[in-house]
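Before I ask anything, let me first share the structure, which is written out below as structure tokens.
Chains: A, B, C and D, in written order; residue numbering restarts at 1 for each.
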Amino acid sequence: MSQHRLEKSLSRFEPFRSGAYRALQYFVLAAGLAAMTATTVPELPSALRTWLAVSLWCCLGFFAGELAIKCWLRSRSEPASDYLLSSSGAIDVLAVLPIPVALLIGVPGDSAWLLASLWLLKLTAFVPGLSLLGRVISLEARPLASVFVIFLIVLLLASVALYILERAGQPERFGSLPLSLWWAVTTLTTTGYGDSVPQTFMGRVIAGIVMICGLGVFGLWAGILATGFAAEHRRRDFIQNWDLVTRVPFLRNLDPPAIIELTHMLRRVDLAEETVVVRRGRPGDCMYFIVSGEVEVELDPRPIRLGPGSFFGEIALLEGGQRTATVVTTVPSTLLLLEVSDFREFTAHHPDVAKLVEAEATRRAVKNH
Amino acid sequence: MSQHRLEKSLSRFEPFRSGAYRALQYFVLAAGLAAMTATTVPELPSALRTWLAVSLWCCLGFFAGELAIKCWLRSRSEPASDYLLSSSGAIDVLAVLPIPVALLIGVPGDSAWLLASLWLLKLTAFVPGLSLLGRVISLEARPLASVFVIFLIVLLLASVALYILERAGQPERFGSLPLSLWWAVTTLTTTGYGDSVPQTFMGRVIAGIVMICGLGVFGLWAGILATGFAAEHRRRDFIQNWDLVTRVPFLRNLDPPAIIELTHMLRRVDLAEETVVVRRGRPGDCMYFIVSGEVEVELDPRPIRLGPGSFFGEIALLEGGQRTATVVTTVPSTLLLLEVSDFREFTAHHPDVAKLVEAEATRRAVKNH
Amino acid sequence: MSQHRLEKSLSRFEPFRSGAYRALQYFVLAAGLAAMTATTVPELPSALRTWLAVSLWCCLGFFAGELAIKCWLRSRSEPASDYLLSSSGAIDVLAVLPIPVALLIGVPGDSAWLLASLWLLKLTAFVPGLSLLGRVISLEARPLASVFVIFLIVLLLASVALYILERAGQPERFGSLPLSLWWAVTTLTTTGYGDSVPQTFMGRVIAGIVMICGLGVFGLWAGILATGFAAEHRRRDFIQNWDLVTRVPFLRNLDPPAIIELTHMLRRVDLAEETVVVRRGRPGDCMYFIVSGEVEVELDPRPIRLGPGSFFGEIALLEGGQRTATVVTTVPSTLLLLEVSDFREFTAHHPDVAKLVEAEATRRAVKNH
Amino acid sequence: MSQHRLEKSLSRFEPFRSGAYRALQYFVLAAGLAAMTATTVPELPSALRTWLAVSLWCCLGFFAGELAIKCWLRSRSEPASDYLLSSSGAIDVLAVLPIPVALLIGVPGDSAWLLASLWLLKLTAFVPGLSLLGRVISLEARPLASVFVIFLIVLLLASVALYILERAGQPERFGSLPLSLWWAVTTLTTTGYGDSVPQTFMGRVIAGIVMICGLGVFGLWAGILATGFAAEHRRRDFIQNWDLVTRVPFLRNLDPPAIIELTHMLRRVDLAEETVVVRRGRPGDCMYFIVSGEVEVELDPRPIRLGPGSFFGEIALLEGGQRTATVVTTVPSTLLLLEVSDFREFTAHHPDVAKLVEAEATRRAVKNH
């Protein structure tokens, strides 16, 4: 790699995105949180306590080092403040600064180290689906808020009713509205601690209605989120697939409605090198388009290699049989997978594409002999 | 604003719909409910109790004043009784009248103020999704009722079984059918207080079956509501968008199937003035149509302004790149947003519209130079 | 009504299907079940106990009378055994026979009357959605069984693990596998009575995993039922609407794809006589087709009446405004409702139908002047 | 059956797939697990204990015998190790080996027999939907992981907060972070044992928020699984039906888009011999295509038999009436069922197919007279 490309890749934190580094981060994170949890157990022998403190400082050091390197790399191309003010930068700073600051201003060690729970925020950077969830929740904000208002109304009315009905019999459980609200929230969420339980007949009837409302709130919540999730998921996949489809010449040159239909059907598959994609003799339930990388088809006279823009696995779909050859990736590759059900549906709507695929398959077979 | 327009806007309660007024209402509501809740705590010092009483009377005064002003404004155009009998009028009256009436007929102060929980009904006016929920529940009333009947049958059969099995061993817990029903409802809703727990072997087997039925009832409820919600949501969005689409000449003049398809895809966005809609250099993931208001496109020689009926943001979609200019609203504006995935799908089905959009984009680019 | 028609209607139990009779049945059912529940309370004064016994015998008498009349009516057209062996006949018999039989064979009164809980089965006859639920569950039987097997596996493995971990510390709670299974089922269904709670560290870790699995089982269950419900609901509505659509000549004569599309969009509405269907000046959000019955359109010179096969309410949709006339039913009527969103979608796909509707509207307006 | 066919069918374990054998397996499995569970009850009389031990050894013997026969059969066509290393082979081995091994290395009998819970894994082989569930979970792994990360973050933050707030008041309940985590997991899953309950005001407010988050996590989980399940279910049915459709000449010869549409609509039905498929005089709500097997149509002059590739039940759909004849299977048969709603939709889109079906129906009616 040239000096220039190395720098560019460093300033984008590419080494920080590799699988090995990510595994290390997960390990440090898990170790740190486990150490923090263990520290709070009073029965711990003091020897172990020392070791836990050491490991906590090591984890903090690791995150501090990560922050420093990222700042330094980024500062070569843009002001470091840009990075520190971005959401991922803020998470990195929150993982490092609060603990020493707390210790400096005199917070006792036990309490200060509880701030290590902020390290958990680092997980949000690794979770690609989190933004999807956030979007669904923001799109469905109105009906979700409506369900929440219903929840609040039921909560308050139930607790006022129980306060009136039960305060005479159980003053220590329902003697004030806050106590009664506590009962209502544990009941409406169907948690049911059982620390406050209505004893009067009417109180129990109302409690029963509150529990059934709890089921209803669950159902509405799930229904709303399911609706939003289905729509958003489809949209997200489409955008991701579109970028990949436009990199495959064979797909890019189809007429627009065919591209749209296919984009909805394809699924991205990322494979490491030397991975077996299809195995000879197995039933063929999908075909593949190569977006990037390379695969080797282990054909009989001599193996052939297919690069970006090629496709394979179509013979088993066209003839409805088993795989005729094993295919292995030679380098890390990104493929687009088309299931047999979608292949049949697509070729039924676009018989010309089916002919193109068949022609290509024949051409390849002839060339190989 | 002319005297006439002011009166008209007042009689429609427009000042009552502004964001600032709404925030004030939320604050008064929250303060009032918090004060009501706090009043019921017996341990409260009497000084604080006085302050709470004062704030409760202030909240009541606020709602009374709101009711009086609304009545007076409305009475100028129609009989005040029309307003008082409407659902929003009834809620306003319910927030004001019951408390003084209760105090007058001799209900003790503590209990009378509990009627302040009726203030919560004011929230229903602010929640636009509540009518949607109501419609889903009414449309799905039949299957929901079926699930409820199943719920009742399981409830009664389980409590009869447990009454027979457990009454000998735990007469104070399962000694009558009402006691046994109480156990059944806490178990079937999976609340599980733990105050009555079966002890016999057969009783526990039946309890296990009841819990599993509880999961099933949850699942059915959620499934029914999800189905109804998805259908109703789609219909609601269509009607809202249709009204907006017909205000944009470019969209209104498409052929009907294209309008229908687009109406399903668009999403309404309401923006305050001086809001950045798109920012130069960011990836372009949608385009916008202006329904009302105005935006300023910060192009290089001189910025241009686009009014209702215009669209922008299409260049990044057509060329697949980044935003070429920052766009800011100059007045509060309503836009229709078309996501890149929907744009691609739509232009694939209607290539002529894609050409119109492109022609307009070119025309604008030329005009600007 | 002629003697013949009366007999025919009686042998189909038509009087038993009227709203008033159904309300009476609900009342007797509710009163009987409430009396049965109250009888089991030991603290009851004996005077009240006598009254409860009287009302229970009255309810039983009512159901016995109903059974006798149904048998007699049905026996005039077919053997009574046919009715008794049908599912609704079996339910009627189960409501009447078991209690006297139990009393005769010497079961004490308290226990015999518990059989009155079988009366609840009568509810299943009134609930139209119950067969829909049954069909969804039978169609999705395979995945539901899979979730149940997962549930069983988690249940058994968790209870074996907890038995091993906790039996030393809490022999009275986890000292045998059945006790441990009881804990597992209350935990996996997230009921959580709290009567047996793991105390060891590993026991609690496993309990936490079991609870999370409980959430997962919920989610899977809801997901499966939601999928099946959506499909079945759509199918059911289609079949019901098709029967109605073929009774409206205007709809029946459309070309088949248009009929299919419309059948998916329409919704059945049953109205009593003298019901206001649309009110002048209200916003128009749907149009109606008359399947059976008659409506009166209160137009200005003189009202006109529309019978089966006519439609109304289309003017507000075509011109996008308010209702131009109030429409009232004159007899009990069945209408098909087409929402504005569906109307727009339908006329966009079938512009010729839109013209037919418009022509009819014009013809009617002209005729009226 | 010839010797060759017998061997081939044996090596595929066909006798092991028959309904009777499967029922036997279920019985042995249930008996074994019940015996294992009963063994752990300390109060058991020793006579019963002996019988339980005998039945456990019998079950183990049964599974060992099954394993031995399967190995022997398979070893005639391929190395036995292939079978032992497959997933179903591994399950068979896990059911047999661990218990004797545990007994040999000196594990006491009680504990060793707990390994019989591994027998439950045999159920996974019978549950066809399990792979479907697995696929849905793997396809939706990203959003599910996101929800899990949110779950973890809420869990840790809540337990840190409660540890700080409650450790002073309830050191035995919230005195360390692990204790506080235990509270958090029982609350966030809405299990709510009630063994640790927050007592401070702020602690209860946070507990309320955690419970509501618990509802949200439920909802998200259900929403994600419902979305994935709907997509996967459709795909699975399509692939299964496609294989069957291509075996019916009448269907195979339709044009591709019609085949695709029909494949989505059909549903597979497996029937035993001498089963009544449709009964004369019943309303006709579907038609059938015969994939394999044979049916007898009980027509008036003489019954006719229909073999693979034929269809029946179409007359009631075409004429909208009742079944004109009873149809019974003569051998075990596989049919494809087309509901009336789908039939109408399909023939509306493909009027030529409707004509073909009608022609065939006429031809058959003529031939029969």
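One rule holds for everything that comes next: contacts are C-beta pairs under 8 Å (C-beta built on N, C-alpha and C of every residue); 3 or more make two chains touch, one makes a residue touch a chain.
Everything numeric here is computed off the predicted structure, so don't read it as measured data.
Colleague: Quick one: superpose chain C on chain D by CA and send over the rotation angle as a multiple of 5°.
Modeller: Here the rotation carrying chain C onto chain D measures out at 90 degrees.
Colleague: For the pairs A-C and A-D, output the one whose chains share more C-beta pairs in contact.
Modeller: A-D
Colleague: Once you find the CA centre of chain A and the CA centre of chain D, what distance in Å lies between them?
Modeller: 28
Colleague: On a C-alpha centroid basis, what's the spacing between chain A and chain C, in Å?
Modeller: Each chain reduced to its C-alpha mean, chain A and chain C end up 39 Å apart.
Colleague: Residues touching two or more other chains, restricted to chain C: which are they?
Modeller: As it turns out, chain C has residues touching two or more other chains at 178, 190-194, 218, 222-224, 226-227, 230.
Colleague: Quick one: do these chains touch in a line, a ring, a star, all-to-all (complete), or other?
Modeller: Shape of the chain contacts: complete, all pairs touching.
Colleague: Using the touch rule from the top, collect the residues of chain B that touch chain D in their complex.
Modeller: Counting only chain B, the residues touching chain D are 190-194, 222-223, 226.
Colleague: Spell out the residues on chain B that touch chain C in their complex, using ranges where they run on.
Modeller: Those residues of chain B that touch chain C are 142-147, 149-150, 152-153, 156-157, 160, 163-164, 171, 175-178, 181, 187, 190-194, 197, 201, 204, 207-208, 211-212, 214-216, 218-220, 222-224, 226-227, 230, 235, 238-239, 242, 246, 256-257, 259-260, 263.
Colleague: Considering the complex alone, what residue numbers of chain C touch chain B?
Modeller: 33, 36-42, 111, 114, 117, 120-121, 123-124, 127-130, 132-133, 136, 151, 178, 182, 185-186, 189-195, 217-218, 221-222, 224-230, 233, 285, 320, 339-342, 344-345, 347-349, 351
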